[in-house]
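What follows are several structures.
Presented sequentially are two complexes of subunit A, the first with subunit B as partner and the second with subunit C.
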Partner chain A sequence: MNMTRMMAIFEKDLKEFMKNMMLFTSVLIPVLMAVFFSRVGVGAGAEGEMPPEILGILAGVVFSAVIFSSVMTMIAEENEKDTLRGLLQSPATIIDIILGKSMVVTLMTIISLVASIMIIGPENYWTLENIISLVLTGLFFLNMGIGLGLVVKSVATTSVYIIPIMFIFGFTPYIEMLITDPDSIAIKIAEYFPIYQHMFVLEGNGGAMEFIILAAWVAVSFLLVLWAFNKRKNDE
Partner chain B sequence: MDIEIQKITGRPSEQRLKMTDSESLAVQIPYELLESFSGSLHNAGVHVFSGEPMYYKRLNLKVHIEYLRKWYNSPLKTADLIQQFNISDASTSLSKLNRTEIQKLDYIHALLSGNKDIVFIDPFLNTVNDNIHLFHKMKKQLMNQGKSLLVAASRLEDAFIAQPDVMKINEQGLHIVETTDNADDDPDGSVSKIKVKAHDKTIFVTIEDIEYLESQDGKVYLNLGAEKFVMESTLQSAESQLTQHGFYRCHRSYVVNLHKVKEIITWSKNTYSVIIDNPEKSKIPLSRAKFNEIQEKLVKL
Partner chain C sequence: MSMIQVDGLKKSFGSEDALRGITFNVERGEIFGLLGPSGSGKTTTIKIMTGEFKPSGGDVHVNSYSYKQFSKNDYVSSLGILSDKSSLYDRLTVKDNLELFRKLYNAPKGSVEKVLRDVGLESEIDKTVSKLSKGMKQRILLCKAVIHRPAILFLDEPTSALDPTTTEKIHDMLEELRNDGTTILLTTHNMDEATRLCDNVAFLYQGVIQDSGAPVDLRHKYKRDEVHITYTDGTVKTVERTAKNKQLLDNVLFNSEVADVRTDFPTLGEVFKKVTGKELV
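Showing the complex of A and B:
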């Protein structure tokens, strides 16, 4: 790991992020949704707490639209344009590049998440347990983005992955609207998904189990990254 | 850094192209072999510039230079590089710049690169003279940095733009491009046409139409604008036949029609080109020793 290279990539990609409308608007989507949710809440005359499903879905949108899709798009764009050709002199340099890019998307995710949550303004959101659950969920989405980004060949193919991942992992709580029977097997399975763990922690029902499940998701996503690395190395 | 010739030609050979610190090489490689040449450099630890765009179109030149400078941890300064390479517009995104302006970034990248061995593939295709001057500037600096430069060109004239001593790679292997002067054949007296072969036909070419003659692999090629013919003669005898028609041997392997010469360009202390007055503005190598003589001839013409 080389700090100067990481910072070079960080600075370059931060500038690119700001100039790429596709990436930049993704930061604004959760903020707009937060505005929308907070208006609807006022309109319906709902008093007090925002339901945790809404906060859970908001976090899901931030993670799938910002951290996941941005990092995947950024890596895919380098693949497509072959812009790293001269730079990849040793295998270690790709790690610098990925860490630099991860720093950019993490920064953007934090901005997007904090802005959205501040608009809704729930109480007891920034507890230590909840922040840990957010970090773990974010890590899961980041790993997914890196793993798939290393595999896809072009920016156009990323959209094939963005929509399913967004619906399955980002909007998981919406399953309760599709399937009303709370004993359904689908809901039982969905309750093991990362966003649900984050929601349980947010509701204050989080125990060690939720964190273990989240850690398992992070571990699985990390395996995806390792697999993608090896696949890429063999392709070259 | 050595490049094995057999990887390029696909034939067993012990020959190697040796890249030495602070030295530059120019090699002519026919178009058919260029691909296997760039293939042999893949993952070989050399930094290859093949002219394909490899930058970020949303960012401007200054950001690029700054980024590469930091990436390679180079002591060179961004502002100096912008000035040295005559970059007039450092703050417009690359998508709005033309090719020749972006090409400068390749030169700067080569200077910043952490790799000692730099390879340029066909750097003089579709370029402008200003950029060739900048290329020579870069070459000088690379040599001062102790780096090694290899220029691979598909056309022999282009290889001579890089430097006066040139090698070539063909199916048979690596050769040094040498003089082809076998002192034989007497001048044929006055002629107005010259006999050349094209496949099964024998064509008689009007001498005034000839732009220049070049000698490659012991054959003499006649260049007439878009066409190229093989001539059944040595360059020496062709020269003596054509001298009275205003032709001049400007280089070991080139004879140029002085009537077609538009200008002479000095790229560096010992690399010169004669520019032919045709749409492609063909660049013919000019030996250092002939630099003064050709000027006299052109004035008296």
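Showing the complex of A and C:
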């Protein structure tokens, strides 16, 4: 890993991000959703406080639309246009390249999340526990984006992954709208998904178990990254 | 020691042999051409030298590095690579693209402006790449490959599908690089390009080097001592260039019935066909 090279890739990717309408608008989607939720008062309680489900969905949208889909699209575009080969033929390593891109999407994710939360303005959101749960959830989505980005060969193919990942992992709490029986096995399974752990922490019901489950998801997603690295190496 | 030493190099993909033990050397400051049709193993050879593929057998040394050291940073930094698949970031400006590679190769500040001046594109520095012509993009790609002044330049079909004016400009730049001491290995289908630029060439066909040498030496080697005389009525007569026919050939110049006289000094493309039995397409 070389800091100069990583920063050169960060600088290049930041410029590309700002000039790519598809990526740039992904940062605005959660902000617009936050404006919508705050105006119509979706699910607001008696004291006007936004419930954790809405905040959880908002975080899910930020992570799936910004960090996951952006990093996957950026890597897929480099694959499609063969610019990734140019980078790999230079002294930059794949680690420099991935970290440079990750820094850009992380920055954009932070901007999108902070702006969205500021619009809604919930109390006691930025607690240490919640920040840790956000970091772990973000790492999970980042790893998923990197892993799948290394596998897909074109930007068009990314939509095959973006939609299911977004619905399964980003919008998990919506399952309660589809299945009303709280004892349903589907709900029980969904409650082990990352966004639910984040919501439990946000509700103040989080204990060590929620963080262990989140860490397990991060570990699984990291295995996906390792598998994708090896697959790519063997394909070449 | 030669800049590039390839000794019995083999590469297989499953049961398919792409290279079957090729051997050649390239000296410092030389332009060496690997000539062959598609699928003959040219790109595979370059990919082994750039560390993308591992050889299945034989040995390769480039700039004193063994192929086992091709992933080393010092080695990678000494190479410049331009292939027909090389591309630029379309949304970014020429400067942004070249600055990225200047920083990746740790080249000195000002290298971007200098290399653009060398190819006559300094006025395009702030233009977005998507607005450039294909020929301009190819010249920018060459700038990207040489921005760090590499010791060795690998060029895989550098002028394929380019117009003659751009091709000429790229040839001029390659000759300047050679004069500055850069060693260049290029693959091409273009025989005029190989004849003009290459100090030595190797004919690669079906993973085997069929023949190699300086273009002019190969043309001499495969020439036939024949003279083709075309008369004004369209008839063509082929005469062997021997002492026996000296009088006849001397008279040709003064014969008003003769429309054209051509010796049988083959082009490099014709030599390739004689050696391999295949057209170089």
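In the analysis below, the second predicted complex is superposed on the first by the 227 of 236 C-alpha atoms of A that agree within 3 Å, B and C clash if a C-alpha of one lies under 4 Å from a C-alpha of the other, contacts with A are read in each partner's own complex, and residues count from 1 in each chain.
Simple rule for what comes next: contacts are C-beta pairs under 8 Å (C-beta built on N, C-alpha and C of every residue); 3 or more make two chains touch, one makes a residue touch a chain.
Keep in mind the model is a prediction, meaning the values are calculated, not measured.
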Side-by-side fit of subunit B and subunit C on subunit A, or clash: clash
Which superposed partner A:I9 touches (first subunit B, second subunit C, both, neither): both
Subunit B versus subunit C as contact partner of A:R85, first or second or both or neither: both
Shared contact residues on subunit A - subunit B and subunit C: 4-5, 7-9, 11-12, 15-16, 19-20, 81-83, 85-87, 89, 236
List of subunit B residues in touch with subunit A within their complex: 43, 45, 47-49, 52-56, 58-59, 63, 66-68, 70-71, 73, 93, 109, 113-115
Footprint of subunit B on subunit A - complex, ascending: 4-5, 7-9, 11-12, 15-16, 19-20, 81-83, 85-87, 89, 236
Subunit C to subunit A touching residues, read off their complex: 50, 52, 73, 76-77, 79, 81, 85-92, 96, 99-101, 103-106, 144
Subunit A residues touching subunit C - in the complex, by the definition given at the top: 4-5, 7-9, 11-12, 15-16, 19-20, 81-83, 85-87, 89-92, 236
